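Below, chain A partners chain B and then partners chain C, in two separate complexes.
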Partner chain A sequence: MKKRSTLIALGLLALFVVFPLVERSDYYRHIFIIALMWVVIGSSWNLLAGYTGQISFGHAIFFGVGAYSAGICTTKLGISAWWGMLLGGPMAMLSGLFLGWICFRLRGSYFNLATLAIAEVFRLVAIYWRNFTEGMQGILIITSFRSKLPYYFLALGLAALCVFSISRIMKSKWGFYFIAIREDQEAAEALGISSFRYKSLSLMVSSFFTGLAGAFYMNYMGFIDPEVVFSLYFISIMAILVAMIGGAGTIWGPAVGAFVMVLLQELFRSSFFGYAPKWVSDAHALAFGLLVILAIRYMANGVVGDFPRILNLLTRKKPMVSGAGGN
Partner chain B sequence: MEMFIQTLVAGILIGGVYALIGLGMTLIMGVMRIINLAHGQLMMVAMYITFVLYEFLGLDPYYSLLIAPPALFLLGVAIEKYLLDPLLKIDSIIPQNQILMTVGIGMVLTETIRFIFHSDYKSVKTSYSSSTFMIGPISWNVPMLMAFALAVLITAGLFFFLLKTDTGKSVRATAQNKDAAMIMGINAEWITQLTYGLGAAMAAAGGTLLLPIYYLFPDVGGPFTLKSFIITVLGGMGSTVGAIFGGLVLGVAESLGATYISMALKDAVGMVIFVLVLVFLPGGLKTLTRV
Partner chain C sequence: MSFFETKRLTKAFGGLVAVNDLSFTVEESEICGLIGPNGSGKTTVFNLVTAYYPITSGTIHFRGRETNALPTWKVCKEGIGRTFQIVKPLRRMTVLENVMTSAFCRTSNSTVARDRAVEVLHFCEMANKLDYPAKSLTIGDRKRMEIARALATEPKLLLLDETMAGLTPQEQAEGVQLIRKIRDSGITIIIVEHIMQVIMNICDRILCINYGQEIARGTPSEVANNQAVIEAYLGKE
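What follows is the complex of A and B.
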């Protein structure tokens, strides 16, 4: 069993390595790069929320901090934004520690609210601290490569590293502690698991990878501004969606969700590649919202989590299980 | 000194309306134990209803108080009944899916309005929109004063409802202990729908009162969602009296921030207060009074 899943993972990786060599269109390569970036963000969010049970509405903080670390390397230090790939992760981790210090004393809705509010503070700081962040003007750098290939392989490497590390973590002692905290924090505490320490560890890993994704975004897109990288809807909520559509609390869920979400978004943004009337692309944000509602209502455990149920629906058998296990 | 008093007056006036909007969220928080992240967006929908009535029928915004809040009450009841309530029966790994649902609802409301009315700024220019009068050296803005007075009136009405009527008592009972309330024969499902509807109606009333003063655009809701949860946390989650003080404190703090720090950082002042309250006074203002 263990060998089989490793084989599947390696096979997938091989497919992804071959893909850009076969598909030469920059457009599709771009979509895959963005989707791979979302694999990283979705999986990181999933580690904290799906496995440790701490639903963050503030992952834009880490993405933004990572992106700005890279951007500021160029604007203030005058060195290449690629140094941000080294700096972005640790900086995001620091902001994660700060977030945890404030928020982990809170539970449930209070925690959600606090992460959301602190994310807003970061966004406002990025907007108004003009001397440091250039404010609404944003940061523009010259990207290093014209070809998409180097970015593609970098994104693929990041995604593979992220998914691999998280699956390793979830098989270690840490992983069991995380799940114990998600299932019942009091019981976990009673067994001697320091919930604050392990929630912080989970948050640190999660923020580190999200920061890396942010730094990658800066290098790839060449332009960031606070409304993009600290956006509540298009980063924090999107991270939640990616994990939820795919299946929170599963290793492969966020990866599947990232591709589903990015492809769907692109379908709407381009009015189904020009086949649908023009107003469809005006409504792409509306479709995004409707998708949130439908996903939560009918697919609470995502494509991966509800896979048996979806399979049953497709083969028209009576459903055997209602929703995946757990409570 | 005059400037200080003027700032204070402006803050308290706007704070009254904030309190009204925040009260709606606090009610929902009390009964359903969730934060309603569609709150400001519901308010925005009410503002557009008022705007349409004014633009096409020439109806004064204050008369819309009789139309927009009831309309939003119905919308709120429908949202609770068909979208939020069914989630309680779904088994999911993520426990806070009701909150996520409100996020989705908020997005759909904003985008639907944007789809219909586009992103342009609209405003309702009434004869009294910019009229002011002076008492001593302090100038009073007429629509602000009207908004404050009506907000106080509506708040008083809500308190009468919660304290004196049977249905109101059922709402409070459900907020205190849902299971016990159900054992006492209270239809908790209906009370929850009623509460969400009421919360939406309060936000709608607040929005309608703000319309003669504010510009209107589809994204106006977001900041008000943030404001109302700052108020809810400031007052102590689920405490209605706390929410009133929370609203006033937020109004005054924003006003002081706008005058003495920077107009642009007005919104950040609220966030900073929010984080400070979470760190130093997690129970909100409620804990200071022990009521």
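What follows is the complex of A and C.
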């Protein structure tokens, strides 16, 4: 079993390595690069929310801090934005520690709301601290490569590293402790688990990888502004959607969710490649909202979590008698 | 100094004094019963010892160290394990994973934790249910798993909060045997229980409290015949 899943993972990796060599269109390469970046963000969000039970509405903080770390390397330090790939993770981790220090004294929906509020604070600071961040003007850098290939392989490397690290963590003491905190924080404390310490550790790993993704985004896109990288809708909510649709609390869920969501987003943005009327592209927020409602109603464990059920439905067998009975 | 000792332990929730000036000691490898009518403050005492509530005044000493300033998880590391009256299984984990989680209290190595968890589950006679999801267990098994989980943290002192409530007579008898077995392995036990048959059977000493205050202490037969205890449970004539 263990060997089989390793083989599947290596097989997938090989497919992804071959893909851009076969598919020469920059458009599809771009979509895959963005999807791979979302694998990183979704998996990170999932570590904190899906596994540790601390649902964050503020992952844009880490993405933004990562992206701005890279951008400011160029605008203020005059060095390559690639240094941001080193700096972005640790800087995001610092902001994660700050967030945790404030928010982990709250539980449940109060925690969610606090993360949401602090993310807005970061966005506003990025807008108004013009000397440092260039404000709404944003940061524009000259990207290093014209070809998509280097970016593609970097994104693939990041995604693989992130998924691999998280799957390793979840098999270790940390993983057990994270899930224990999600299931029952009071019981966890009685078992010798410092919930504050382990929630902070989970948040640190999560923010580190999200920051890396942010730094990558700066280097790849060449332009950021606060409304994009600190966006509640485009980053924080999207991170939640990616993990929820794919399957929160599973290793592969966010990876699948990233591809589903990025493809959907692209379909709507392009009005189904021009086949649908133009207003469709304006309705994508509405469509995503409906999608979430339907997903929670019929597929609460996401594509990966409910995969056996979906398979049964498709092969028209009787639904499995599930012992689930709620959660 | 005693193995475990509280001095003038007091807890007030606003104007309500739930535990009032309670001093008691527990000696190593005895089973000490803590009884009292509903609402007399038994579970509050446990919650004070394990630092779920901050103490209003008084001290708690365990093996020569003051533990009342420690957070809950450090109390566990000091060697005080507990179960909950309303069981708290980690629902979406298997029985083995539940116990492994607590075995990580003394090790960071997954293999060691796993071996230790399997060993404890054997000890608690749950070895045939390792892979059951915790949420699928009967109440009897949940209580047993809760004990196993506390044992896997390798406590020196175990606080059992109504581990027999809601069990069938058969399960109760098995539970009593398990508690004896735990004591024989060298672990000191404080037990809160409403089922008198159980308490009278296994305790070396009993402390009876009402309104958070001590009303009697002594051997089971002394306490059972104490006038104040009878009045607390049945009322005055």
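What we mean here is this: the second predicted complex is superposed on the first by the 320 of 327 C-alpha atoms of A that agree within 3 Å, B and C clash if a C-alpha of one lies under 4 Å from a C-alpha of the other, contacts with A are read in each partner's own complex, and residues count from 1 in each chain.
By definition in this document, a residue touches a chain if its C-beta (ideal position, glycine included) is under 8 Å from a C-beta of that chain, and two chains touch if they have at least 3 such contacts.
None of the values given here were measured: they were computed from a predicted structure.
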| item | value |
| --- | --- |
| Touched partner set for A:194, first chain B, second chain C, both or neither | second |
| Which superposed partner A:114 touches (first chain B, second chain C, both, neither) | first |
| Chain B versus chain C as contact partner of A:6, first or second or both or neither | neither |
| Partner, of chain C and chain B, that touches more residues belonging to chain A | B |
| Touching partner for A:25 - first (chain B), second (chain C), both, neither | neither |
| Partner chain(s) touched by A:177 [first = chain B, second = chain C, both, neither] | second |
| Partner chain in contact with A:297 - chain B first, chain C second, else both or neither | first |
| Which of chain B and chain C A:144 touches, first, second, both or neither | neither |
| Residues on chain A lying within both footprints (that of chain B and that of chain C) | 249, 323, 327 |
| Chain A contact footprint on chain B (complex, rising order) | 29, 33-35, 83, 86-87, 90-97, 99-101, 103-108, 110-112, 114-115, 222, 226, 229-230, 233, 237, 262, 264-265, 267-268, 271-272, 274-275, 278-279, 282 |
| In the complex, chain C residues that touch chain A | 50, 52, 71-74, 76-77, 81-82, 84, 88-93, 97, 100-102, 104-105, 108, 110, 113, 133, 136, 149-150, 153 |
| Chain C-touching residues of chain A, taken from the complex the two chains share | 171-173, 176-177, 179-180, 183-184, 186-195, 249, 323, 327 |
| Chain A - residues contacting chain B, complex | 49-50, 53, 55, 102-103, 105-106, 108-110, 112-114, 116-118, 120-121, 124-125, 128, 232-233, 237, 240, 244, 248-249, 282-283, 285-286, 288-293, 296-297, 300-301, 305, 322-324, 326-327 |
